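What follows is a single structure, written as structure tokens, with notes after it.
Chain IDs A, B and C follow the sequence of writing; residue 1 opens each chain.
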Amino acid sequence: MSSAPGIAFQILQSVFVVLAAPLLVGWVNQCRAWLQNRSAPSILLPYYTLAKLFNKDAVFAHDASPIFRWTPYILFGCMWLAAGIVPVLATGLPFAPAADIIALVGVFALARMFSALAAMDIGTSFGGLGARREMLIGFLAEPAMLMTLFTAAFMSGSTQLTTIVDTLAHREFALYPSLAFAAVAFLMVLLAENARIPIDNPTTHLELTMVHEALILEYSARHLALIEWAVAIKLFAYMTIGIALFAPWGIADAGDWSALPYAFAALAGKLALAGAGLALIETLLAKLRLFLAPEFLSTAFLLAVLGMLTHFLVKG
Amino acid sequence: MEIALVLGVPLLGALLLALAGHRSWAPELNATMSFATFFATTLLTARVIAGGTMVWLDERFIVDPSNVLLVALAGLLREQFFVDPFNVFLVALTAFVGFTTALFSRPYMRTEQDHGRVNPARLRLYHSMYQLFTFTMLLCLLSNNVGVMWVAMEGATLSTVLLVSLYRTPASLEAAWKYFILCSVGLAQALFGTILLYFAAEKVLGPGGTALLWTHLHQVRGQLEPTVLSLAFVFLLVGYGTKVGLVPLHNWLPDAHAEGPTPISAVLSGLLLNVALYAVVRSKVLVDGALGRNFSGGLMMGFGLLSVVVAAFFLSRQRDIKRMFAYSSVEHMGIMTFAFGMGGAVAAFAGLLHMTVHSLTKSAIFFTVGHASQAAGTQNMDSIRGLIQTSPTLGWGLVLGSLAILGLPPFGVFTSEFMVLTTAMHEHSWATPFLLVALVVAFASIFGRVQPMVFGETTAQRLPRGPALVPVFAHLAIVLALGLYIPPYLVGWYRQAAALIG
Amino acid sequence: MAIPLLAQLVNVLAAFLLLIAFAMLSQRRVLTLIKLLAWQGAALATSTAIVAWSTGQTHLYYSALITVLLKVILIPWVLHRLIDRLFVRWDIETLINIPTTMLIGIGLVIFAFALATPISQMATTLTRSTLGIALASVLLSFLMMIVRQKAVPQVIGFLAMENGLFFAATSATYGMPLVVELGVALDVLVGTFIFGIFFFHIRERFDSLDIRHMEKLKED
């Protein structure tokens, strides 16, 4: 599979992910605007924002260390890597052996660690506050995420994301309560990890509640653009992981060019639905107080564990 | 047909007393219905002595096939009841103590009414529930269906819970709530055990009615799945054991005994605990068939021994006289559980005998205690003094009853405890020191408490209404007689029962 | 691996029951607890009806019907009326904080599954695998009764436990004989009414339904 078509597929997928991620964010924002009876911004707005930011001059704090400068690149790299190895369009890609679920969680954790370090680097109070909150959420979300992935891994007998997707995509249809539990848990983790309502509100800078925005308060220009872009890719990656685990139908095999249009269409449809769903959730729910976040995430963990246990008991 | 009578009379009594339980003659009606029940059980006992084990409705019972309703009813009741030497003796005992307690409750409840602790509406509840309680216990004993046995046991809880809180004092409400919650939760475990039992039986006997019938289960007990049955027994033991009052599931027992009206304490201690133990032993027989004796016996011996020891030490710390004797009940139920756990003909014989004498003695003690605390106006033992002055018969009743329950030689309790101890020495010698220490501690604490209550100086007045002491001395006389001489037919009867369960 | 669709449905309902048991454990509001109880009853009745349909056991239809009448309509309604009359709308305080309770709950589920697995393997019924879930929801209700301080949630825990037992009966054995089920249903009904009477008595005496007031009877 490491032949030329495989590599072509891999490159295609990686480029596609990076280019499509802001579109997804735009789509979610648009949906949310509709649902909240506002006039929607253009779906391409994230691209304009990125372009605008890239054209500005970067400003740094006097005592910023190299960590602060590097972090946007590391973040972007991590997210790109993650999105590149998740089977988005096709299974069996050359990078697929790297797409181990534990490695994947590790990549996300690396990104989180650097963003927390960078936030503390300047020494402003908001940075420290944001870093602390971010680490709290991450500390609780990570086990839930792992448990969710393990449920799927147990069902297919492998921690390789590709194998999991392969197994799940080609099984006969059946109702799997364990996967339902895992799906709900995953959704909760997705909301928490991507700084969405009810854990965080991506559109405010209210110092009492902000988590993610506090982390990146000191960034400007191209660095901010990279981070925003990385955030978009992260959302994209999470959504594609969710799709791969819980609705993998229609994914192509590597090298199978004929299946590609179909895979594209299926992915676009599923992402559109998922984005609309995310907007709906954000509209319906209110933000939780920060100290309720542990409860929210422990519920996610609980559901994930239940899913795993249910799998062992009812074999499904 | 006698079975229908035994169950029908208390049910009818419950209905009648639900309508007329507040009238001035209701206590007499209550006693009459209890006597009628007792009379019906003597008929049943005579029938069983003559004809041996019987199942009702059996195939000899034929109904008019044209009457659809009757046929359906007969189908529903087919083989639902059975009598063998084990349960018939408990049925007779239950009906007898039920009757004597009704006699005792006549003046007792009237005095309580004079003191303003109960009003006519509550007396109606009391009388009706008393009969219903008798009914549920008899149903539990006579039912051949393990599921119905559970239903009846839960019914016994439900019918007594409002009796425990009859006085509506904060303490009695608390006791009743505890009783209700703990026993319901306990019985829920027993229901799970019953479900597991059915689950195991269904594979052998097929789904439907017969898979819960004890007689059928008994026949196929060797074929039941051991893993399932062992789990089922754990749940059944914990569940019914809560009702037996085994430590550590005994928390409800002292409270319920201390805060309820004394006649209810007497029947709870004397009868309900026996019935619950009966359910445990019935389950044990089935499990032993599938697993051999070690598993269930070991568990029961463990629980029994723990109950004996813990209860004996708690005994010494009580101030409330009814609480103290409630702990004594826990101790004695522990001895019985231990005896049945050891198994074998002698131990089972001793267990059955102990069931009989304990139930008679303990209810007699509660009768005297009830009158004594009524006269003193308190249940606190430090305030009850000089019973021998106010009412010599009452005082002697308490002394004799306490001596009997402590296992002093001429009384029947001595015989059964002696048999339990000797069997334990032979088969499980490690357990004997615990038993002996517990008995000694219990002896010291009860005797030390009773002695000043009976012989001390007092200023208390006699009650205007004379106590009903006939039941006390009747019970004690029987216990004494059983200690001196057990009639051969009773021995035969116990032996048969012991053979069934040992 | 191929499990018939109906059995899969029962499995899903079983998972739903387990979820409700946890939801009850984490729930702070009494009204929501009552709603959850009704939902649990509905899931129970549905699964009973599915088992009845797939196995052709007519008596299970009756027990499904009884479940609907009793546990989805009557008892929640009675409880609702009760708390309306008693003005108990407070949030419940728990003895242990909720995440810890959840962790204990997970432990109980694992215990229940471990206990039930050898038995499930022996069962011949289609829905045998749900026995562990039934046992787990019984234990979880038990936990709920332990950690809750007020009378009403304790009763709801008790009823939830009964639901779990009922589910065990239908899932492991296709239901107990009808006589027994009727008897159990009667006991539950009478029990609920007695609980109701109790609430008034307790309220009258203690001016509260907090059972911490009822800890006077203790050994010194």
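Following the convention adopted for this analysis, a residue touches a chain if its C-beta (ideal position, glycine included) is under 8 Å from a C-beta of that chain, and two chains touch if they have at least 3 such contacts.
Since the structure is predicted, the reported quantities are computational estimates derived from the model, not experimental observations.
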Query = Looking at CA centres, what chain is most distant from chain C?
reply = A
Ask   = Whose Cα centre is nearest the centre of all Cα atoms in view?
value = C
Query = So how far apart, in whole Å, are chain A and chain B when each is placed at the average of its C-alpha atoms?
reply = 66
Inquiry  = Based only on mean CA positions, could you tell me how far chain B sits from chain C in angstrom?
reply    = 30
Key: Whole-Å gap separating chain A and chain C, where each centre is the average of the chain's CA atoms   = 38
Ask   = In the complex of these two chains, what residues of chain B are touching chain C?
value = 76, 80, 145, 147-148, 150-151, 154-155, 158, 161-162, 165, 168-171, 173-178, 180-181, 184-185, 188, 191-192, 194-196, 198-199, 202-203, 207-209, 211-212, 225, 227-228, 231, 255, 258-259, 314, 317, 319
Remark   = Note: in the complex, chain C contacts chain A through residues 1-3, 5, 8-9, 11-12, 14-16, 18-19, 22, 26, 98-99, 102-103, 105-106, 109-110, 113, 116-117, 120, 129-130, 132-133
Ask   = Of all residues in chain C, which touch chain B in the complex?
value = 57, 115, 118-119, 122-124, 135, 138, 142, 145, 151, 154, 158, 161-162, 165, 168-169, 172-174, 176-177, 179-180, 183-184, 186-187, 190-191, 194-195, 197-198, 201-202, 204-206, 211, 213-217, 219-220
Note = Per the touch rule above, chain A residues touching chain C in the complex are 172, 174-175, 177-178, 180-181, 294-295, 298-299, 302-303, 305-306, 309-310, 312-316
